[in-house]
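Letters A, B, C and D mark the chains in the order given here, with residues in each chain numbered from 1 onward.
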Amino acid sequence: MSMAAESPIMSVKGLARSFGGIQAVNDCSFDVRPGRITGLIGPNGAGKTTVFNVITGFLGADRGSILLRGREILGLSPHQVERLGVVRTFQHLRLWSKMTVLENVLLGCATPAGENVFSLFLRPGAVRAEEARARERAMEVLEFFGLSGRTHEFAEDLAYPEQKLLSMARIFAADAPVMLLDEPASGLDGESLRRIVPLVRKLVEHGKTVLLIEHNMELISELSDDVVFLHQGRVLAAGAPAEITRDPALTEIYFGV
Amino acid sequence: MRTILSVLFTSILAAGANPAFAQGNPIKIGAILPLTGSGASYGVWMKGGAEMAAEEINAGGGIAGRKLEVIYEDHAADASKAVNAMRRLVEVEKVPFSLTSYSAPTLAVQPIAVQNKVVLMNGGGQSDNLANKEYLYNNIPVVSNEVGVIAEWLAKEKKLTTAVMIVANDEAGRNAAKTFQEKYGAAGGKVLADEQVALDGTDFRAQLAKLKARGGSLLYISSYGRNVAIIADQARELGITIPMAGTSWILVPEVMKSKGAEGILTTRLPFDGDSAFAKKFKDKYKTDAGFFAVQYYNATQIFAKAAAEAMKKSGGALSGEGVKNAIESVRTFDTISGKLVFQANHGAVMDIEVGTLKGGKVEVEKIIKASP
Amino acid sequence: MTAYIAHYLVMVGIYAILALSLNLLIGYSGIFSLAHAAIYGIGAYASALVALKLGLGFWGGMVIAAGVGALASALVAIPSLRVSGDYYVVASFGLQVVVLAVFMNWTDLTNGHAGLPGIPRPNVLGWVIDQPFEYVFLAAAFAVLTYAVCWRLTNSAFGRVLQAIRDDEIAAQAMGKDVVRVKIVIACISSALGAMAGSLYAHYITYINPSSFALHESIFIASLVILGGSERLAGPIVGTFLLLAIPEVLKFLAIPDTVAAPVRQIIYGALLIIFMLVRPEGILGRVRSETEHAK
Amino acid sequence: MDLFLQLAATGLVVGSLYALCALGWGLIYGTTLHFHVAHGAIFTLAAYFAYAGQKLLGLPLAVAVIGAIAAAAACGLLIDLFIYQPLERRGAIRTTLFIASLGLLNVVENLVAIVFKPDPLRMDVGWLSNAVQIGPVFLTWLHLVSVATALAGYLGLMAFLKYSLWGRAIRAVSSSPEMARTVGIDLRRVHLLTYAVGSAISAPAGILVAMDVGADPYRGTTFVLLASVAVIMGGIGSIPGALLGALFLAMLENLGVWKIASEWQSTISFGVFLVFIVVRPRGFFGRKIHSAEI
């Protein structure tokens, strides 16, 4: 069908990673298709976050391959993966809590001249222009995430839902095509959820591809275009959310009944 | 009222105890000494000697009626500390003269002395590089004299013609080692190997083991201070049985008391442990006097004489240049260890004794008379 | 007396450069180095040797000093900063030990413990700076230059990245920052500036030997940074003014010479403990963020 | 060959002293992750306690030594109780702890230098300082005691960690503090215990040096930094690693002298260390420390 014809933007093949004697990820393969939201689900300890860590270069793999638009990214370091267009959030947010909201987002914006020591001193004009552009971009992003009123507050002073938004804002600013969201909805109450869900949708409208880990099945059904079900480091099933959530065998594994 | 009276009373007493100082401010001089660190034993002697001299000078009416005041600074064997101390002495205290010690610190402050016309008198450092420096006088012979004597004595009279050398890793140690190698070679000896050690080190076994493996009939120690005691002890412990030798530098209490240093062959510069000076020193500081106590006593006395001479010439004013000219013109000074004549190279010559360290004392075998 | 105050100010200038440059590591990058005295020494020796053996004078010496300082630092930073900060503490200690061994033992080059005398005074456009009060201006000019460089580095996108790395390295990596490269770059810049201070020192004192660049000097420079406040650019300068005054103050108290040096060290050490317990942000305190105000 | 054997034997003796220091420091670092440079102060204090016990109080040697070890252990514990724990309660970062530790080291060393004067003070050990000849190798009885002490310290520590309840608690904290906390281990108490045990293990190193070449106020700094090198080489968190690292370091220093001039001793060790962290950052057997773990 049309789904098969669409070539994946990222494809994970035969990925394996163990810690000590525990096989956290084992022969894991799935595809992420462009312009869609893929939900990575599974019970606790299924290896979801490990997959994220391997994709983003924070962990090595024992075997396997990760192709980003056909290019192998396994073995690259985290910043190289980011520069190739894969950004991520963390379960524990990892905001720069003693920096302001604006600075957190500015760190997501590309400022190659300002980060280069030589141009910093030798091309002050270019640096100034770049910084101004970055600020403009950061303000737009903050606007997009509804944080423009919080620009100069310290990240640690924000309420938790806003911190969550900020963690997404900062990677959105990076302008990378693939966004990995680690439990974007966890710890949020109903109202905040209503704020986040449309935002994630809007990311796709802005041309992003989203891979997200989520526990909230309702949310997964509502958000995802595709779902990958992970169990004990393997992909048990992949498909449309409706198919997965309706499968009683999977539900049993998921809820550990 | 009573306090005022008692203050008055004590000041009268004090004035009575000290001879009245006729005119003006005290004369301040500096003394840059190893008061801390591995050479602190030398510092005790040097400071004590200078202190005793100053007290005697003041008890005798000071220098041309002015009181002498010595300002002590610590260099802890560190030349840059010496430089800082020297700057303070020159810029704040405005001294015309300073005692210095050790080779590296003295060399480091000498350019400042020249720039500010301050006379330096070094009674301790012995590097050959200290000779022929403007504004710097050494009332001690440079080490090559002593090393020459012992090298010749060891090679020709003791028939110890192959040596291994352990060398302190500093100006004095290296300079002496270089000179030893030359003079020993000239006397028919041969240095087979040398190893350097840190002056403030405490474990030299690896180096000594290496030297032991090279054989030789003599272990020459080109080091000083407590370092030597440790080297000697550890050499014996490693089964090094060949004779050991050094120069007068090694004669500090730590070495003389050490088991391993017994029988060490050494030079000695004239020092009488039973002299009146030595007794007085012991009474005052509760520790035995050593050669360097006399050296700094003498250096201070030499300054007093030169300063008196300079002030006589200038009609009362005292400057470093005046002191320098006075030293150059007087040249020969009477000291408690005999006549001292400053040579053309700004150094002194002394009788050099050679002998063996036995039971904490040097048994002198031979005295080589000073020759200019 | 004025000459004496001038001397104090020159030393404040030199140590301010050392403290500012070390603070790029300690304060802005969260990397603790025990080798800053070695870097300072490398600068002093490189500059002195260039002046004495090649006759390139003060300016040539300073440029080469900065280069050699950065290079030495890179040699250690490249292996150790790839792993973790604790490795760098030990590796920098190693650099300190090795550099000092080179100063002491490569006698053909460094003249060993005897040191290098007769280093020429700087010549600025034909004007030889040989009075302490003249040197105050030179030292101050370089301190201001260092301050400007540090300001530019920390109040920029680069400074933002530094701070991000210090606060959360993982997050910085995830945002595409090449953490290792940035750390190595800042280590090299810090060292180049520190070496420059060494050059100033050598041409001021006109004599150098290894003992001025030993481990305790590294710890002393770190104290200047920490007590003044490592989170502000001006912190190290305040620390320098105060801590350099302590030995002078002690001279006015009647403390015997043999005790004065350890007493000084005890004061430095006690200040470090007290500040860590009571006011870890140092005298000047904390600004939680600075780069915000960059334009 | 004789020279090689002599250097190896000297290396073994020096290595034993490094090992005692590294075992204590490594235990503390592996368990608390404190970069405890003030461990050097413990080393120094132990030496001076023993010296003071013997020379000033006139105690018999064995009593002075045991008293000094106990006092050193108490000091280690007090440092954690009164400096590190308050800092940790305030949420101090590791650099803050390190700086406080450095300050403490400075204070203790210089206090000792004022009270006891900076020159080394040697204890009387009687016949222990006599030389022993084993084939071509010359040592003193004291050196043999050093090697035996290191061996006993290592075996004792291993047994303690393996078989005693408290030892197991230390191991649990060392492998994962969070896990240990969830099973109900009191981290603060385990830290105190670790400091006491770690200090007690390293104290004999200071005392043995005081017996051999003399107590010196400033030697602790060198020893603790060498211990940290040994621990990193051996592998952080590994007790056998600390022992091996220390022996390796000492052998390197001493055997290096065989072919290379002795003044480059320290250069050899640190050169190898730098190569080591490039080639094998996790040490002989141990874990690698990242500045941040995900």
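The rule is simple: contacts are C-beta pairs under 8 Å (C-beta built on N, C-alpha and C of every residue); 3 or more make two chains touch, one makes a residue touch a chain.
Quick caveat: nothing in here was measured; it's all calculated off a predicted structure.
> Compute the centre of every chain as the mean of its C-alpha atoms, then state which one is farthest from the centre of subunit C.
Ranked by distance of C-alpha centres from subunit C, the top chain is A.
> Where the centre of all protein Cα atoms falls, which chain's Cα centre is nearest to that point?
Closest to the centre of all protein C-alpha atoms: chain C.
> If you tally the C-beta contacts for B-C and for C-D, which one comes out higher?
Answer to which pair has more contacts is C-D.
> When the centre of a chain is set as the mean of its C-alpha atoms, what distance in Å lies between subunit B and subunit C?
Once rounded, the distance between the two centres reads 36 Å.
> Starting from the mean Cα coordinates of subunit A and subunit B, work out the distance between those two points in Å.
75
> Measuring from the mean C-alpha position of subunit C to the mean C-alpha position of subunit D, what distance in angstrom results?
30
> For subunit B and subunit D, what's the span in angstrom between their mean Cα positions?
39
> Going by the contact rule already set, what residues in subunit B reach two or more other chains?
36, 40, 169, 196
> Do you know which subunit C residues sit against two or more other chains?
Touching at least two other chains: 104-105, 168, 170, 258, 262.
> Please output the residue numbers of subunit A that touch at least 2 other chains, ranges allowed.
58
> Once bound in the complex, which stretches of subunit D touch subunit B?
Residues of subunit D touching subunit B: 2-3, 6-7, 10, 14, 117-120, 129, 131, 133, 138-140, 209, 213-214, 216, 219, 253-254, 257-258, 261-263, 265.
> Which residues, counting only subunit D, touch subunit C once they are in their complex?
Its residues touching subunit C are 35, 83, 86-87, 90, 92-100, 102-107, 109-111, 113-114, 117-118, 221, 225, 228-229, 232, 261, 263-264, 266-267, 270-271, 273-275, 277-278, 281, 288-292, 294.
> Across the complex, what residues on subunit C touch subunit D?
26, 30, 32, 75-76, 79-80, 82-87, 89-91, 93-95, 97-98, 101-102, 104-105, 168-170, 215, 219, 222-223, 226, 258-259, 262-263, 265-266, 268-273, 276-277, 280
> Which residues of subunit C touch subunit A in the complex?
Subunit C residues touching subunit A: 149, 152-153, 156-158, 160-161, 163-164, 167-168, 170-179, 182, 185, 189, 288-289, 291-292, 294-295.
> Please give the residue numbers of subunit C that touch subunit B in the complex, ascending.
Touch list, subunit C to subunit B: 1, 3-4, 7, 104-105, 107, 112-115, 117-118, 132, 205-209, 211-212, 257-258, 260-262.
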